[in-house]
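There are two complexes below, and they share chain A, which is joined by chain B in the first and by chain C in the second.
Here is the complex of A and B:
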């Protein structure tokens, strides 16, 4: 029963009893940033996000820190298991006494701590999940999203469809859970009163082996727009099947499944030709960015500070841009690193350009808008890579 | 009275020399009983003082430790006492947790009432699962219960139940405050700690008495030699299914408490990993030795954190290393190790 943790706890308790203020927030010269990430378990691929942020912070510290202070990055493994997240977050807040939380990963895991961190008034910033509920400053003023959320993306497609397709008839294939329904909600919001153009909706369950029959049924509805809201495996099936049965609809693919290697290649590059999707981060492998200054900077960072990291993975790109957002927010805190000020600064980012975002996309937040990135650019698959077209589409909620 | 009970318990399992399970709890000589009582009193006093010494986080961890200990206690009744395997106790834990969440958040019923309901529900589910499982022995039963553990998160996500279960999103529970004006003295974490402690003590008392009762002896007889037990007139089917039910009831109550403490349930909280954790806790604590549940729970709560502190990238490897080390050094779990020590000292 006697173990390191209880001893540590005993030590901490003794210190507290000795009259040393335990919650010496921002009184010392270290800013403690807490995080939970899936370093183990089925979602452990995401762990690279946490490692990239850690490496970035190491670099910032080596360059002198933020406003004369060092940042301490404390990232614990929760294995993508909500009860473990609760434990680790409580450890971060109550034992490590972090000043803020950054980029905690996952929708169920963040849901588990959502109420707790807001009751404790701990900044819960730039969470690494695309659900829409993080942008709810009225009820959860301490929480903020980061990436474009699923409804935003759905709304962007809807706007484009209404503007560019004559007499649209939309068929939607979606995963029957929060993620799928979030997209559907966004699509309907973007259609703004013209929901009747959705002629067919087909949900599928993750446990299903294929979505072939759903695709065939959707074609039978006579739709001329096919919106695929599916995770990689099912997206590949839907793309392949819709091409096989010769369904000549304008096909939209959600951003979740735009990976060429793991979705479009299995589906067949020829079958994938013409797909439309939307992105917000640069695909660093794309030749068009090869000479871009930010990509070159990112590669220098990766080589020097995170050589073990995967330079073809979108997770290291994500982590880099996310870490930049964090550091920039902290810089703006000046000398006041109180939790109130950190949240205030996080909620007053205006036109902040995080590196590796697509050109023209900036981060904007306000006291009533905790959704930092709400713009995406549409892109079409030309059989080899994604070609961006049109303007950056903004779907700012406020 | 208590003494004679213990001797009889000892006799029951001691008679089967070939039993794979150590006849641990049977090593109850008169002297050890007083020693055991002294240890129990010291532990209890420590447990009562703990929430006033440590920070809320430690109190929370200790509460979770007791919750897992109750779950392990449940599995111990099945595996240690009755000799049936289960890789699916995470499923019963989930049923208990969802019972609490649905009753509290959807129906607005007080958390105290969720415990008996979860217990009864899990008993029924466990008993019913135990009936067909009667035909399965050893690894085949392990496989059937494995299926149960794997299927449970999927069922919780199913659309028809979504209105109740909240689908993948799960259910957020409001943490209860201490009642009867105690909230002036105890914060919510401290109250839940004492509440869990009280439930845990009650369940431990129940389990101990069960093991020492006629039923307990029958259960152990089935474990040690089913044919002999049957020829002695023990209705093995009924007893085995009952053992499954009682075991599920304990684990379900643990799940119920766990949900209230964590304040959140979701299908991802009850994956197969949970069932494995309960099994690991059982083996570490000592199969068949009831107090071992506490030590096993301490292992599954703390060792992953220790492993992570040593190396983030190799946390899993270090966890495995600790596990192997414990099994190697104490092949019969903590219980076996303690008994060996006591035997050595007593010599």
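Here is the complex of A and C:
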């Protein structure tokens, strides 16, 4: 008589018999790339990054894959919630047995899996966050950043301020967490011994309704430079308030909040005029790039492989350049797709030009430098769009 | 000195935000003797409706009364549909539903209008009230509207039969029923009014803090603090309480170095605890005595 136990037992035996060779086979001709992304919840706008990378990989596979192998893109939704990220990454590593992780999104979410993936020795490459802690090859050799990190950006502003503003007095508004403090650290590093020009620092908490009171206090410090380290909502408030109280300071805005549509427009385009920030990707809407070969190529890709994607969003640009970096790294692995070799190749990119980076910016990594992009160009908001000025500023450590 | 005055003015301006919300809190407390956790999210949702109508091109002064009306009907309907059936259920069931409503409104706003911030125009215009003034046109307008709403509420509760009936229904439902007041209808009316006041608050707050689904999260906390401080039974107390919370928060954040940025938020909670310990009925509230 068949009972439930024998059935289960038979099933498990069949799985055990069939499972092992199947997995080994898969490892031979498919490279499995895992990812977690916010496809739902408050940060779901970022989901386009994951969808763009997925579409890019589909295109690469259709063109024959990488060194004769197909790439499998397994991207799960974590809703930007660290506990969910942990769960999904475990699933990717232990059940899907991915070869590497690419562009996992978010600072708190990546922090939650940082130790785990390094203990498991899974390549944790080109994470989609700007925190500085991803560049720590000594303690976390399996992790690598991608975009310019926050301290780098802070340092670039500091250099410009020292070189261009007479008798600078800097007031800083910053979010009271890792992200805000990273910028402050970078700013101080860039001031290199002239930290005394920071005359006021005001932290704010994300739970606060407004930062009006902080902005008033910062103005009262008599500063002539106002550095806004804030996420979109608070950045918009700070821009609006500083204009409203007639504070005639040179205002710097962190790259996190440079979106014209979702920050500067709500804050008021007139109030936003004159803001300075820094970028590293092309603004594809900008007429000056309209005829650029890489932009045309990107548009062709978007139309054919990701027609639902938003061609005005910086996230699809980001995803495209990020996916290119991944595929290029895999190409350099030759025939050896062991995890060790993948990380080795990711840490030996020299002068790699990913499309849609601003001209003059390249990707450089080494065994002691896991921060791929470390150059930016300053830009000023003219009331309609961002205008780049000056040279590309390099803050490369390798 | 300039800093001091500026911080007070800014405190009064944010205080007006809290006062508006505190009024809605008092309103619902008068009607059901609970604090509605979803109050803020309902106000946020009303504000989204207003934003949507403005996007469609309707003029502000058409949208304003329309949204108040829609919110009133919405609040009334929520009471009829969700709370009427569990009228006699224990308090905990009510609280669970408040929390459920909170999550539902929050998620639906994000689902329909996404999570990026939206700018809601101010009916009073931008910029300072007069050249060189420390207070903006919108802030001044907000304080004005708060006081008008307060006056209307006071008039309603003091001079109208419905207002009186509502108070009676809240204080002593049994006796109220015996003198012919439809108690459950009064409760629904209270929900509608609280929701309408919330809509006014939301539309006034959004130009300052920008509209997004989590807009009211911390504001509701400050609103509660204002209402508890002033007395949950007194609209005037709630408004005064709201202003006090706004000013105290700014001054403490500016002049007490220890508090700085980190401890600004707990000030609201500290005020709640302190008031409950020292004067449980609040500054202007009545002590509610229940005969058992």
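Everything that follows uses one rule, which is that the second predicted complex is superposed on the first by the 370 of 398 C-alpha atoms of A that agree within 3 Å, B and C clash if a C-alpha of one lies under 4 Å from a C-alpha of the other, contacts with A are read in each partner's own complex, and residues count from 1 in each chain.
In the analysis below, a residue touches a chain if its C-beta (ideal position, glycine included) is under 8 Å from a C-beta of that chain, and two chains touch if they have at least 3 such contacts.
Since the model is a prediction, treat every value here as computed from it, not as a measurement.
Colleague: Which partner reaches more residues of chain A, chain B or chain C?
Modeller: Comparing touch counts on chain A for chain B and chain C gives B.
Colleague: Touch check for A:220: first (chain B), second (chain C), both, or neither?
Modeller: After superposing on A, A:220 lies in contact with chain C but is clear of chain B.
Colleague: Considering only the touch criterion stated at the top, classify A:45 as touching first (chain B), second (chain C), both, or neither.
Modeller: The second partner, chain C, only.
Colleague: For A:262, decide between first (touching chain B), second (touching chain C), both and neither.
Modeller: second
Colleague: Taking the superposition as given, does A:202 touch the first partner, chain B, the second, chain C, both, or neither?
Modeller: Second partner only.
Colleague: Name the contact category of A:112: first (chain B only), second (chain C only), both, or neither.
Modeller: Only chain B; A:112 stays clear of chain C.
Colleague: State whether A:236 touches chain B only (first), chain C only (second), both chains, or neither.
Modeller: In the superposition, A:236 contacts chain C only.
Colleague: Looking at the overlay, does A:162 come into contact with chain B only (first), chain C only (second), both, or neither?
Modeller: In the superposition, A:162 contacts neither chain B nor chain C.
Colleague: Examine A:352 and indicate which partner it touches, taking first as chain B and second as chain C; both and neither are also allowed.
Modeller: Touch partners of A:352: none, neither chain B nor chain C.
Colleague: In the superposed arrangement, does A:77 touch chain B (first), chain C (second), both or neither?
Modeller: A:77: touches chain B, not chain C.
Colleague: Per the definitions at the top, what is the overlap between the chain A residues touching chain B and those touching chain C?
Modeller: Touching chain B in the first complex and chain C in the second, residues 41, 176, 203, 205, 207 of chain A appear in both lists.
Colleague: Which part of chain A faces chain C closely enough to touch in the complex?
Modeller: It is residues 41-45, 176, 202-205, 207-210, 212-214, 216-217, 220, 232-233, 236-237, 244-245, 261-263, 265-268 of chain A that touch chain C.
Colleague: Using the touch definition up top, name the residues of chain B that touch chain A in the complex.
Modeller: These residues of chain B touch chain A: 53-58, 60-61, 64, 154, 157, 159, 167-170, 172, 258, 262-264, 266-269, 271, 273, 294-295, 298, 302, 305-306, 308-309, 312-313, 315-316.
Colleague: Within the complex, which stretch of chain A touches chain B?
Modeller: Within the complex, chain A touches chain B at residues 1, 3-6, 9-10, 12-13, 16, 39-41, 75-77, 79-83, 86-87, 90-91, 93-95, 107-109, 111-112, 114-116, 176-178, 203, 205-207.
Colleague: So in the complex, the part of chain C that touches chain A is made up of which residues?
Modeller: Interface residues on the chain C side: 2-3, 6-7, 10-11, 13-14, 17, 110, 114-119, 126-128, 136, 205, 208-210, 212-214, 217-219, 222, 249-250, 253-254, 260-262, 264-265.
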